[in-house]
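Shared between the two complexes below is chain A, which pairs with chain B and chain C, respectively.
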Partner chain A sequence: MPERVDRDGTPAYRFLGVEVTRREAAFLVLGVVFLFVIPDIASLSDSLQLSVIHQGLLFGFVAVGLNLLLRHTKLTSFGHAAFFGTGAYATAVLARYAGVQSVGLLLLGAIAAATVMAAIIGVLSLRHTGLYFALLTLAFGQLLYAIALGQSALGGSDGLPIRPGPANQPLLFGTAFSPDVYQVLTYYLTVVVILIGLFVMYRITQSPFRNALDAIGQERTRARFIGLPVRRYVWAAFVISGIYGGVAGGLYAVVRQYVRPEGTLFFLRSGDILFMAILGGFRTLVGPLIGGVVLVFLQDVGQDITQYYEFLTGVVLLILVYGFPRGIVGSLRSGGIVNARLSELRREPSVLSTWGRTAAQSIERKVTAALTSLRIILFGVD
Partner chain B sequence: MAVTPTAALVQTLNGIQFGFILFMIASGLTVILGILDVLNLAHGELFSLGAYTAIGVFGFIIGIIGPPGDGVVGTAVFILAVLAAVLVTAAILLPVGTLFEAVFLRQIYDRDQVYQLVLTFTLLLILLDVKKFIWGDSSIRTDAVYSAINAIPTSELVGLNYPTYNVFVILVGSAVVAGLFWFFERTKTGRIIRATAIDREMATAIGVSTDRVFTLVFALGAFLAGFAGAMAVPPTSATLEMGTNPLVLSFVVIVIGGLGSLRGAFVGALLVGVIRSWMITLYPPGEIAAPFAIMALILLVKPEGLFGTWGETA
Partner chain C sequence: MLEARNLRKSFGELVATDDITLEFGKEEGELVFIVGPNGAGKTTFINLLTGFLSPDEGSIVLDGDDITGMSANGRVDAGIARSFQVVKVFEEMTVRENLRTVVLTEQGKTWSLFSMADGHEEVESQVEELVEKFRLEDAADTVAEELPHGDRKLLDVAMSFGLDPDYLLLDEPTSGVSTREKEYVIETIVEVGRAEGVTTVTIEHDMDIVTEYADRVVALHQGTVHGVGPPTMLETDDELRRLLLGVGDDE
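Right after this comes the complex of A and B.
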């Protein structure tokens, strides 16, 4: 039962180790209810497709896992699609060659495969930090992509279907459902998995383990001096984050009933996953999930209006990097630069002309400086 | 399968040729990494932009001078024209690199590294669609340069049937390698760049403008990538996704050679090129995995790469 506690003067409730104020609790309940009614909203509206939201949630879930590394250990993994793909392909292989039919068993297989993969890649790449780490994870991810593309047992570029044995689709609770029902049921399964995953991640962020990771992220040498087993902790975080990818990959395979190398393992996917985390706000818990839904939704809409949707994504990212570096959730919670400017503008509209003048001046200054630099680079100093 | 000495020689030459192309890409990437501390994910796109641009420039220049004339003079003129076209292509890439560094990247050096990664990835996405917008979805190619240069006899003189264009790439590649080492060892600008790589603050203290060095280095990287693209495109065709593989292989090269090490990039590129090419005859499925296998081995044995960090020696 919820227990009342006091947090900095505001009353809060603690339940299963989750401590929330009344307002946060309201948001939480609202969010969960919203997740559960999405299939109903999607059935009413044409523009909103359940499969798009579903896919967004799955990729967002990978981003939640990635965020454990990004937020606390300051390690940027550019190869998280590797774990997503491992999970998806493990599911496909189990269904195709071992004839596993139950969704639960398939997901367990995905988790096991992703854990092993994360353990191996972690050992090889975690000796390094910073860009070297990003580069290594990307290289390993691309290696897996190449393997999936090259092995005929894995279907090559055609991919593999997930249709175990005589059944047309994996079985939920030992029963075969009609495709419509199957879609909705797997969606609810995803929501449940995501809620559990978020809960586990919340508990991790409340634990001493998180503090240790923070310390490692800030200053590795110092963390080692105070006795933290740095490499083992970072490796554990990497494996946990890989498991999130594997779960999402397994679910993706179960839902789509088809895996292809481009959709699951290609390095643009890894990029997408990283940007979901940043788009949603990588300093927050649920940010990456929201970022995932928003990015996948935007790409889906973009694909409908223009064939140049990569460009569109690029522009969104540019706006993000310069205007809202804290992401959607981060900017909503604490006003960023844009919020501050907006409120200033609301108070005093004439401030616009001052901004215009400063902008013009700074552009002029920069152009002059650029021309000087160009002259010096071309002709030297004198 | 028995491998004849001739076949082995041909595969080795192919590997060396690919290694030189790879070096031109990886050297820019590694120098940017060593000095700006930025992993330029768009480097492969700059390479493919170079390839696309080169097809246009080749067409234009061959349109002016026509097919190679008879005799040594005609051939020499044609080769010089091709080289000029390659240089023009690379020069077109210069402003792309300069603008990107000076306008976008410079604003966010003080932020978390992940934002710089995002920004170069943004450039990758944008360049991808810019190429699609200008040149369309389907691949494009030019045969004129490849067939004209292959018509010049070189390897036939020693009784080997090997495309002259590949020999041309090896020669030009060697010149680029020599030029780069000369630039970083002997010229003042090159030494300033290396000084900045060794100690950024100290370089600022003795009056080096790091802003300028950064722009210069990024522009140099774009130049080299464009050069590589122009050299690589005649035997094949330019496709939208041609940038990915060289980018990832350059990562492998950088890891093998050592972060930011030019010498390491050279050794790594040739190693990757030759081994990959041997694999094509010995064990085809291993072609993709072999470079990564070398990388994993080096990581386990010598995690800092064959040549360590760049700066002290080029």
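Right after this comes the complex of A and C.
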């Protein structure tokens, strides 16, 4: 049962090691309920598609895993789609060539494959840090992409369908459901997996292991000299984050019933995953997940509106980096920039005109600077 | 006993450590100070002992075992801790979190993925003890990067002590600290070191401090041992005085 504790004067509740204030508990319950009613909302609305949100959640889940590296060890992996793709392809291969029909077994296969892949890529790329580490992960990711593209056994660029045995789709609880029901049920499976994954990640980020990772991220040399075998810890974190990718990839394959190299292993997927973590707020636990949903939704809507939807993504990224570097969740939570600005506005509405003036001034400055640069480029210095 | 046997290390043309043979901790808990002009090889020597650098020749022996090839973190486990001339602490953590991280590591708890970092009672009591010993109570919940310089130095040293070392190698723990705080930092080090029987080897430029606290002084010059002796050596050895005060043809 939840236990009452005190956190800096505000009453909080602790249950299974998760400590939340009343406000946070309300958000938590609301969020979980929202996740569970999304299929109903989606069935009422035309613009909101369950499959889009589902895909967003899955990629967001990879970003949650990636975030363990990004937030604590401060390593930027540019190849996390590798684990997503490994999970997806392992599922496809198991279904097609080994005739595995149960979703549970397929997912276990995906996890095992992603773990092994992360262990190997980790050993090979963690000899380096910073830019070289990022480039190595990118290179290994592209290597897997090339293999999937080139191997006819893996379907080449056409990809692999997942239709195990005589059943039209994988079995849930040993039963074949109609496609509509199957979509909703797998969505609920994803929600359950995500909730477990978030809980596990939360506990990891409260544990002594997190202290070790933070130490390594903040001052690597000192971490060695307090007795931490640095590379082993980073490797463990890398494998854990890879497992998150594998789980998501396995679910993706089970849901889509089809895997293609472009959708799962291509390096732009790795970039998307990194973007999701930053968009949602990589200093928070659930930020990457929300970033995933928002980005996939934006890309989907953008595709309908304009053929230049990539442009839209770029604009969002610019607004984010300049205006809200802490991401969606980081900016919205108490003490974040949005709350601070709102309370300022409530206290003194006239502050709006000041903001307008500052914004106009800074835009004017930047335009002038840009024009000057342009003049110098075109006509040279006079 | 921690021994350096015929240690040599050169960087290209420059021989930083030239055949140094020394021993520390023959008497448990002794306070050794290393003195010498800039470029004498003091920091290189400490880097060699702690595994930050590996020597070109010679060996390092701890209680009879050759540890020359041991990793830096292995040496910490074996009981050799160090601090750096430029403070290296975990900047985004508070003082307490810094110390907690150190103590968790020392007690081998950092592989625990599902316990609470602040839920280990033995660790917490040791952290509180360190906070008290180094008089960091007021700063305990301050993030390291916001600490005044003196406290940062103290935190750095406290972290090294938190590793429960047998040998502690301190690279200028008082550099950049105001004169008033200097005494305070060094006194704390001496006090805690004596109380716990830690053999400390400290690089120090302030001769008043060396004279006041040293059990033994090691003077280095151009990568070699110029002399080893009691702190009175600083008064009696004229050549050493000339080297350290920087008067004469060397400077």
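As a convention for this text, the second predicted complex is superposed on the first by the 333 of 382 C-alpha atoms of A that agree within 3 Å, B and C clash if a C-alpha of one lies under 4 Å from a C-alpha of the other, contacts with A are read in each partner's own complex, and residues count from 1 in each chain.
Please note the rule applied: a contact is a pair of C-beta atoms (placed from the backbone, for glycine too) under 8 Å apart; a residue touches a chain by one contact, two chains touch by 3 or more.
The structure presented is a predicted model; accordingly, all values stated were derived computationally and were not measured.
Following the overlay on chain A, a side-by-side fit with no clash is recorded for the pair chain B and chain C. Touch criterion met: A:230 reaches chain C, while chain B stays clear of it. After superposition on the shared chain, chain A has more residues touched by B, the comparison being chain B against chain C. Legend: residue contacts after superposition of the two complexes on their common chain; A:142 is shown touching chain B, with no touch to chain C. Contacts of A:355 after superposition: neither chain B nor chain C is touched.
Of the two partner chains placed by superposition, A:34 touches none, neither chain B nor chain C.
Put simply, the three-chain overlay gives an angle of 80° at chain A, taking C-alpha centres for chain B and chain C and rounding to the nearest 10. When the two complexes are overlaid on their common chain A, residue A:275 makes contact with chain B while staying clear of chain C. The least CA distance from chain B to chain C in the superposed model is 14 Å.
By the touch criterion stated above, chain A contacts chain B in their complex at residues 70, 74, 76, 78, 124-125, 127-128, 130-132, 134-136, 138-140, 142-143, 146-147, 149-151, 267, 271, 274-275, 278, 282, 307-311, 313-315, 317-318, 320-322, 325, 370, 373, 376-377. Listing the residues of chain A that touch chain C in their complex gives 17, 203-204, 206-212, 214-215, 218-219, 221-222, 224-230, 233. Interface residues of chain B, counted against chain A in their complex, comprise 33, 37-39, 41, 102, 104, 107-108, 111-115, 117-119, 121-126, 128-130, 132-133, 209, 211-212, 215-216, 244, 248, 251-252, 254-255, 259, 285, 288-289, 292, 295-296, 299-300, 303. By the touch criterion stated above, chain C contacts chain A in their complex at residues 50, 52, 71-73, 76-77, 81-82, 84, 88-93, 97, 100-102, 104-106, 109-117, 120, 159, 163.
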